[in-house]
Amino acid sequence: MVTRLKGHYGSGIEANSYLGQNFMAVDASLIPELLQVLRDQEQFDYLVDVTAVHYPQREKQFDLVWILYSFERNERIRVKTMIADGASAPSVVAIWPAANWLEREVYDMFGIQFDGHPDLKRILLPDGWKGHPLRKDYGIIQQDQEWVQINLGIESGQ
Amino acid sequence: MIDRTMIDRTVTDRTTTDQAMTDRTSHLELEQHDKTFLDSNELIINMGPQHPATHGVLRVILKLDGEKVLGTECVIGYLHRGVEKIAEHRTYSMFNPYVDRMDYVAAVSNGLGYCEAVEKLLNVEAPPRARYIRVILTELNRLASHMLWLGTHALDIGAITPLFYTFRDREEVLKIFEKYCGARLTTHAFRIGGCLYETYEGFEREVKKFLDFVTPKINEYEELLTTNRIWVERTKGVGKISAKECVALGVTGPVLRASGVKWDLRKAQPYAAYADFDFEIPTGQNGDTYDRYLVRMQEMRQSLRIIDQAVGKIPEGPIIAKVPKVMKPAVGEIYHSIEAPKGELGYFIVSDGSTQPYRVRVRPPSFVNLQALDMMVRGALVADVIAVIGTLDIVLGEVDR
Amino acid sequence: MLDYITSYLKSDTTPGQAGNLLWALIYILLIFLGLSVAVIAMNWLERKILAHMQVRLGPMRVGPHGLLQPIADALKLLIKEDIMPAAADPWVFWMAPILVVITAFTVFIVVPFGPTHAVTDMNIGVLFMLGVSSLSVLGIVMAGWASNSHYPLMGALRSSAQMVSYEIAMGLAVVSAVLMTSLNQTGTGTLSMIGIVQAQQAQHIWFVFKFFPLGLIAFGIFAIAMVAETNRAPFDLPEAESELTAGFHTEYSGFRWSLFFLAEYSAMIAVSSIAVTLWLGGWMRPFPTWLSGETWDLVFSLIPGLTFLLLAAIAFLGVIRMPKHPYFRVQTIGLAGFGAVLGLIGLILLLPPVRDRIQDIFWFSAKVALSMYMYIWYRGTFPRYRFDQLMRVGWKVLLPLGIGVLILTAMAGVWL
Amino acid sequence: MQPVATTFFFYFLAGLTVLSGVLVITRKNPVHSALALIVALLGQAALYLMLYAPFVAGVQIILYAGGIMVLFLFVIMLVNIERSQREEQFNKQWIEGIAAAITLGALFVLVFAKSKSLFPDRAIPMPEGSNTQQVAVLLYGNYMFAFEIASLLLLVAIIGAVVMAKKRI
């Protein structure tokens, strides 16, 4: 499968395996197209999860991860791509509706914009919150003090 | 007199003005249906975050035409505790108890998923005895979770009696947990590499006794509900979701199986000791609330079957593998998922070689399943929204993490 | 004075018909007190019975076996803060519970506890009861609207639609029972509550068994419709707790809320008494023809007293089973006192002059109590109907069935 | 039996009915109007009772106050009250109203003046005991045809309402 995809997309794809789990590191430009192909032709019809990992030291700070599963093959695959802070990723809601809330959560937690998402707004945190808590530079007890004071009427949420 | 005490928990959310609500729901496009001169205005109702039937602090904004639901929007996050952020600041074993607090109804399953994921990352395997104990406790937990679901679901639909029956029987499960590890709800039963506690004296006998006790009880629930006309009318054809829609929306667990997809991670990618046992995956055909109910009832029976098999042949041997005191997995990442009572519960763990995970991502089944709510209730009645929230079996601790 | 009382007791008419204002007032007072006691007892019984159906104990702390719980609750409700939402319509909000309570109590003036034990006997008794109890929906609608909040409004909408729909089926069932009263020499029926029972006496049959199974079906229709009419499970949609939190009384608290509570229970008793009067022979004792004769009359006349003695025995059994710890002393004494009161009532009821007078009331109350038990039983067993299903049952099942039974009853009355 | 304080009750009920009738047309809030109308209808029912027509009174309560007015309220509650209050009210039309009132009043006076020739001297008092039976005999005996025609009319009205309210049948 990977060779087939490689033949089609060239060097943008790097397939790998760790502890028996397959993953592909993919160039960000290939993303919506490749995922579409994975769903339509390779039967990865179930989007398990969309998430991200923050590496502040890197130039392209975020790893964006799609975890896919195929009922047909009983097989999982992870698709990873790197994107820079402030850059936006293509949304896969059109391919898997399941991505809707998952992408909203990634946006909420990391501040990654998704192009083409129907309703990209915060999901777990309140709408007016400042900051994206799962970034490495966001402290564990850090809070949006202003929001807490205005909306909860208390000095601090701690 | 349960309904009288609920009155104090009045719903109206006074912090939200009508204007703000309208703004929030402005994107809920209205279906164009034939309008007649008798049509009334749309009503926007704020269901929750404190509402008897939203199972915690879920807030659903309903756009209604009379009693008909035109659209919904879920507002979640009231219970957000930043579990994933906490994980980055704890060592692997320190984070273990935290996962119990996500799906607090099925804490054992959460712990199992996390421990197995870290074990995979460390490339160790739990010894067989530990795996059998894990299977028994996890299946008991599945029973407890399904019982709680059944009770609250029936209560939402208006049958108040099953709640007390299921709580009575769930109590027996919790007693076993308590005897095993000292905790009833957030058990922290397993450790990375196996189990910390050996089974207590008479564990097998008690589990067997529990099996004998609970089998007629499940029949009793079924007697109360399965052929009850009102129950069937309230659940049949309500909140239908097809297999295709389930897959597209990432819905897993009993909801997916009730739509006719015979997929269970315990069979598809066996973990713990599930490969050793003989059990079936119950499925439905219609994907409605009634089928989901039947599937869960069957699942309870299958769980009993698994426990029955496991308890008879727990192998001897150590209960914990050799894992270092200070865990430093090699740089890498792992995704491991198990079949929690609610669906696929996955852990995506990234290690940077230090004692603390670099990133832990939990793939919560309730969160993804809840996404299907809007699709399932459009065009239905308000009463169906309650039934569908119940049948999705969400736990807000897991949705919000 | 004594002469006056005895002369009244010997008369065979109700105070209302005799124009006896004093006795009418006494009756009204008695009914009011009796109803309040019945509602309190019902409150305790419902919680206990429901609890035992649900493997719970129910109230156990306030008084022996929670006997004082309803009183504690009533006190709590009375001293609770009375909240009126800022955006509510004060006048309508204030009127609604009063209207509901007034209608719920007014209907009792025609309820015949015995041939003479009614405040009055109206020529249009049944019609009066149905009409006045149908006014209570106005109170519910007013409450829902005046709260100016979404959930109460939806509860009010549901309840108005529900009650108007079920009133029709209920009316048809009632008419078929009224038709049965006309099966006599003159061929004229009656709407008077006392007249209906007297017709059953004259025909030596409870109407529920008349033209079997027509009477039974009509009774069944009424029994279903009366549950819907009083907003009880499984038709408790207007106050569906899991959907509308509390429905029309979501915004009510304290005393006003307790008025709704009072009205709900007295409405249940009221519709049950209609059912008992129309189909279950009213104050007639069971098996009036099959087990007739002097001996059986005596046996049945002893039952009221024996029932109370049995209750007293149960209470004393409870006393024996009380833990022998000083902590429980007050409770034990309380329960023993309660049992003693019950026993005393039982003994008084066994006295010949009392037992002849009290029989009618006892049998009537016993039948109503049975119906109330059914209410509790439904609540413990059934899930709640959905709104469209409720409407379907009302319009597509009960209404055609009611019309069919009415026509068949008329035909049976003409030809049989 | 002789009723007590008949005159007092008559004037009390009549006054109540008229007062709530006035409230019906003067209240701005339609729900208040409807509630006042209910009071008027109940007062009317009580007046029927005083006329020894208990059956009519019962029907008045069960149909008008308990049935029709509930449906009225049902519809009114769904209407946006704030918006309807801002709209032009009918009760601003004083001239037409006064004209109508004068005409109606003149008619009443005329009828009262000529009542000697229009009505028999005394209405035959109906026996209280079998009032309902007599209504039944009249409705199903003498005026059977008219009664059935009326029911047919109502049936047509029901079908018409269904057709108007529902485009797809």
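Going by the order they are written in, the chains are A, B, C and D; count residues from 1 in each one.
As a working rule, a residue touches a chain if its C-beta (ideal position, glycine included) is under 8 Å from a C-beta of that chain, and two chains touch if they have at least 3 such contacts.
Because the structure is predicted, anything quoted here is derived from the model rather than measured.
Ranking A-B and B-C by contacting C-beta pairs places B-C first.
Distance between Cα centroids is largest for the pairing of chain D with A.
Chain B has its Cα centroid 24 Å from the Cα centroid of chain A.
Chain B and chain D have Cα centroids separated by 59 Å. Work out the mean CA point of chain A and of chain D, and you get 69 Å between them.
Per-chain CA centroids place chain B at a distance of 44 Å from chain C. The set of chain A residues that touch two or more partner chains is empty. In chain D, the residues that reach two or more other chains under the touch definition are 78. Not a single residue in chain B touches at least two other chains. On chain B, the positions that touch chain C within their shared complex are 1-4, 6-7, 9-12, 43-46, 51-53, 66-67, 154-161, 163-165, 168, 224-225, 228, 230-231, 233-234, 381-384, 386. The residues of chain C lying in touch with chain B in their complex are 46-47, 50, 53-56, 149-151, 154, 157-158, 233-234, 236-237, 239-246, 249-251, 253, 257, 261, 379-389. Partner chain A is touched in their complex by these residues of chain B: 27, 76-77, 80, 82, 84-86, 88-89, 120-121, 123, 247-251, 261, 263, 268-269, 332-335, 337, 344, 346, 348, 350, 358-359, 361, 363, 367-368, 370-371, 400-401. On chain A, the positions that touch chain B within their shared complex are 18-19, 21, 23, 45-49, 51, 53-54, 65, 67, 71, 74, 76, 78, 96-98, 100-102, 105, 109, 119, 122-126, 133-134, 136, 138, 140. The part of chain D that touches chain C in the complex is made up of residues 1-2, 4, 29, 31-32, 35, 38, 54-55, 57-59, 61-62, 65-67, 69-71, 73-74, 77-78, 128-133.
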